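Note that chain A is present in both complexes that follow, paired respectively with chain B and with chain C.
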Partner chain A sequence: MRFHFSLLLLVMAGLAVAFVPLPVPAITPQERTFEIDAHQFAYSPSELKVNTGDTITIQLVSADVVHGLYVYGYDISVEADPGQSATLTFVADKPGSFRFRCNITCGAMHPFMIGKLNVGSNSWLYRSIGLAALAVFGVTVSKKPKA
Partner chain B sequence: MAKIELTRIPFIKNALKSRYPQLAVFIVMLIGYIFAILAGLIGTPVGSHNFSIVFVWIAWWAILILVAVPFFGRGWCAVCPIPLPGEWLQHGAVLSPPDKRPKWLNLRVPKMFRNIWLQNISYLLLALFSSVLLTTPNITGIVLAAMLFAAIGLSTVFERRAFCRYLCPVGGFIGLYSQTAPIELRIKDKQVCVTCEGKPCYNGSSAGYGCPWDVFPGGLTKNTYCGLCMECIRTCPHDNIAVNLRPFSADLAKPSTRMDEAFKAFIMLGSAIVYAGVLLGPWGMFKDAAYNVGSSAWFIYAIVFLAIIFVVLPGLFTLGILNTKNTLPLKQRFASLSTALIPLGLMFWVAFSLSFVLTNASYILAALSDPLGLGWNLFGTANAAWQPMLTSILAPAQTLALVVGLVWSARTAQKSANEAGTSSMPVVIYCFVATSLMLWLLL
Partner chain C sequence: MKRAELISRILIVVGILLAVGAPLFFWARTPLIHARMAEDGGWNPDVIQAEVGKPLHLKFTSDDVVHGFAVGQMDMQSVDILPGKVTDITLNFDEPGIYTFFCTRWCGLNHWRMRGTIEVSGSSSDPEPATVPLYVSLKLDLDAPHDAPVVPNGKPLAISGQSLETNLPIDQSAEYYRSHSPYEVFESLQNTPLTDGQRWNAVAYFWQSNTTSESLANGRQLYAQNCAACHGENGAGNGVFADDLVQAGEASMQSMSGAMNMMMQAPVDFTDPRRMLGASPALLQGKILRGGMGTGMPMWGSIFTEQQIWDLTAYIYSFQFEYEK
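This part shows the complex of A and B:
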């Protein structure tokens, strides 16, 4: 009985770590423009940091062949011809860490041409590490009943 | 928890005992394999539109690591086409039971090679070239063909399946991780084996071949080296072989003390971490280094890769367990405690592969319709656009996989520490730190 009760507590703590909403610092949204240079097989800069609610403009400039930029989670994309630039504007209203990726086949390492967009803090990472810590705690304190 | 004997069910028993269902799957697999070689060699050089890349590295890999290994252990080896031509040649037959006299050299593999170090090396060789291998159809075609021919060559020189046991680069980790699967092939009653004359399961009989994997079924205690080829079900005259459903990772309760297996666990853990950083991370420099084989950047990448696997990860692990009070020699403690890294590594690979596979799965439809990238459109899906799948559940699914892996490895650590009479804490902390690193790389 005691074992079940602690397990229940642990699961509830886990749910709290995973889902309880955190206070979001009120930051006035800004407009931000990034010029991203795309070349086989990387973006530079490859990591963007913005605040939730910012309006983002990405100017994608392709240095060699046709490249695209697809933002996970937002499911929007843009593509730029060689030597040209193309623009993508959107409101970063979903917080979290998102990959962006080339979506035009551009050569061998194309599937791994990847960058990262951080909107606000990467709270899911911290929550995940919290869950991992909680799990370790649970395993360590619980003595498994002899099978 | 009790085991459930699946071979009690007549349908399953008959399907496994008969050679025909297996042969049917073998033939389909072999055709697919040879087609993948040809597609790699003559199809388009664009990886994401070539059957060899899409079906081997996306479809097969997804099924292997997400389904086959975690749930069926060596289930893939039961239907793998790679050793078949060699085995048929070695037997001088496709189906018919053996006549006794060996047709080829039939040598025993030298003692010094009877471990998985060669598999560790062959895996690492591929791993160091993996960025090229994963993306270049030609290279994939050549590697697939090389494995087929190596297996044929070894079959004519050595007895049984020497390639599978000692050289196959994927066989090593499938074997290691198969210990976690809820499926096993074991004998039913030890006493029957003790009195069994001639041990046909190992030596062969008119009903079938002696264990091709060179294990004695009567002595099986873990899944690692049993290829689930089902030969012993056919040869055992006393109906003493069972396929059981069992609790996950039952084999890990008795930790291994072999160094080659311990290092396999580090190799797999380390390469999952390196791939998550290099392939899925935002750092273009690492990708360049990994891809440009032969360049000085690549040599640095190779050295760092090997250092992580052979120095950093095992070194930190050793430091962690150094001070645990214990009578066992350090080497044995190292091997036995590293058992915890087996479920951890498996779940690292699951988390890594989820991202890689869901992102690229949409290539499968296109490649099915136009396998060689020559502009065919067999099923009307050749122009299916690239679209990552299930992006919204990817991160939670990865967290879930990694946290489950951590709990699983912590439990395993407790058991093996118990067995070794020492504390599990250093290993649990090690696993937690590694998991946090993996979370940081993937999320």
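This part shows the complex of A and C:
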């Protein structure tokens, strides 16, 4: 019975670590502009980090052929010819990590032309560290009586 | 009865086969034209035969990246050619001659080399006499240095020049505007009581009054599509290919035996007043029409119409003058 109770406690703690909303630090949304240089077959910079609620403007500059930029999750895209840079403006209202990729066929390695948009802090990293710590703790505790 | 049924069955099958097969047969007979980056061969085939009055059916596909298709000096919407897709185009030619078709989406440093010709045979219903471009009739040397010895301190303002210009001795004809550089017009105002700055403003207004907002808008669009990749979106000669052109300079020189002066160069900076204020519209027309002869500047004469080139020159001067919005 005691064992069952402690297991229940452990599971509750695990759920709490996984799902309890973190105290969100009050960050005033700001406007951010990124100039992304697109060339075969990469973006630079290829990783963007913004806070939730920020208004993001991406200026896509193509350096060789026609490239695009499509953001998963947000389902928005922009296309730029060399010499005609294009801008994409949106509000990053969905937290998480999103891939963006070239959506205009730009050559043989086109499918590998990807980048990443991080919106908000990566809380799942900390949560999973917490869960792992909890699991280790649980295993060590449950093993003690037998030894 | 059985016999009649058999015949009707055969007729139906043959009819269906014909209805489906005949268009497919004719579609398959149209050769597929492959588009590749110029480095990998460009258009294949790059010479197409056609006849006046007969619609020309073409099929295009791309083997690498996004390309586009348009025929020079023809009033047509350019068509995108995408890898893995077949694009059908039907063209009609009213006049015989050799037409140039070209890629309309930038596909690398040598994008502009991606050109081909359509040879249209037949008889002309209304032969137009060929006209000589203005730079030829003026006997301009396109490669001679043409720097203005004096330049204004800032961007001349057309709006300030407007009030001054009304009673100035400037020839208002289009020929005068086209054959004179801003510096020459500035010099012609020497005997007026105006200050240097006022004279430049008057020149700016004179340049503005010789163009229209439609012409500028058209020039801006042509510039963005065809020029900005090298000359830069703001005209500063720093487009995305500018560095590549300079780098290609040495190599391209070796490939052209004997022509030491003719190698890929850095694109011209249109914001440089010395160079631009010393150039007349006719000179710029010549440079655009003929191209840079091995410098990396393409020849646009077979692609742009005369009006399009004038629109472009008008737009290029707007990097020097502050026009009214």
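As a working rule, the second predicted complex is superposed on the first by the 135 of 147 C-alpha atoms of A that agree within 3 Å, B and C clash if a C-alpha of one lies under 4 Å from a C-alpha of the other, contacts with A are read in each partner's own complex, and residues count from 1 in each chain.
Here is the rule we go by: a contact is a pair of C-beta atoms (placed from the backbone, for glycine too) under 8 Å apart; a residue touches a chain by one contact, two chains touch by 3 or more.
Computed from a predicted structure; not experimentally measured.
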Superposed partners chain B and chain C on chain A - clash or fit: fit
Taking CA centres after the superposition, what's the angle at chain A between the directions to chain B and chain C, given in steps of 10 degrees? 100
Is A:125 in contact with chain B, with chain C, with both, or with neither (first, second, both, neither)? first
Considering only the touch criterion stated at the top, classify A:73 as touching first (chain B), second (chain C), both, or neither. first
Which partner chains sit in contact with A:85 here, chain B, chain C, both or neither? Use first/second/both/neither. second
Partner touching more residues of chain A, chain B vs chain C, is chain B
Touch check for A:105: first (chain B), second (chain C), both, or neither? both
Which holds for A:136: it touches chain B only (first), chain C only (second), both, or neither? first
After superposing the two complexes, the shortest C-alpha distance between chain B and chain C, in Å, is 6
Based on the A-chain superposition described above, do chain B and chain C contact any of the same residues on chain A, and if so which? 105, 108
Residue ranges of chain B in contact with chain A within the complex: 1, 46-49, 131-132, 134-136, 279-285, 287-288, 291, 359-360, 386, 388, 391-392, 394-396, 399, 402-403, 406-407, 410-411, 414, 425, 428, 431-432, 435-436, 439-440, 443
Applying the document's contact rule, which stretches of chain C touch chain A when the two form their complex? 37, 62, 64-66, 82-84, 105-109, 111, 224-225, 227-230, 232-233, 239-241
What part of chain A is in contact with chain C in the complex they form? 61-66, 81-85, 104-108
Chain B-touching residues of chain A, taken from the complex the two chains share: 41-44, 46-47, 70, 72-73, 75, 96-97, 99, 101, 103, 105, 108-116, 122, 124-125, 127-129, 131-133, 135-136, 138-140, 144, 147
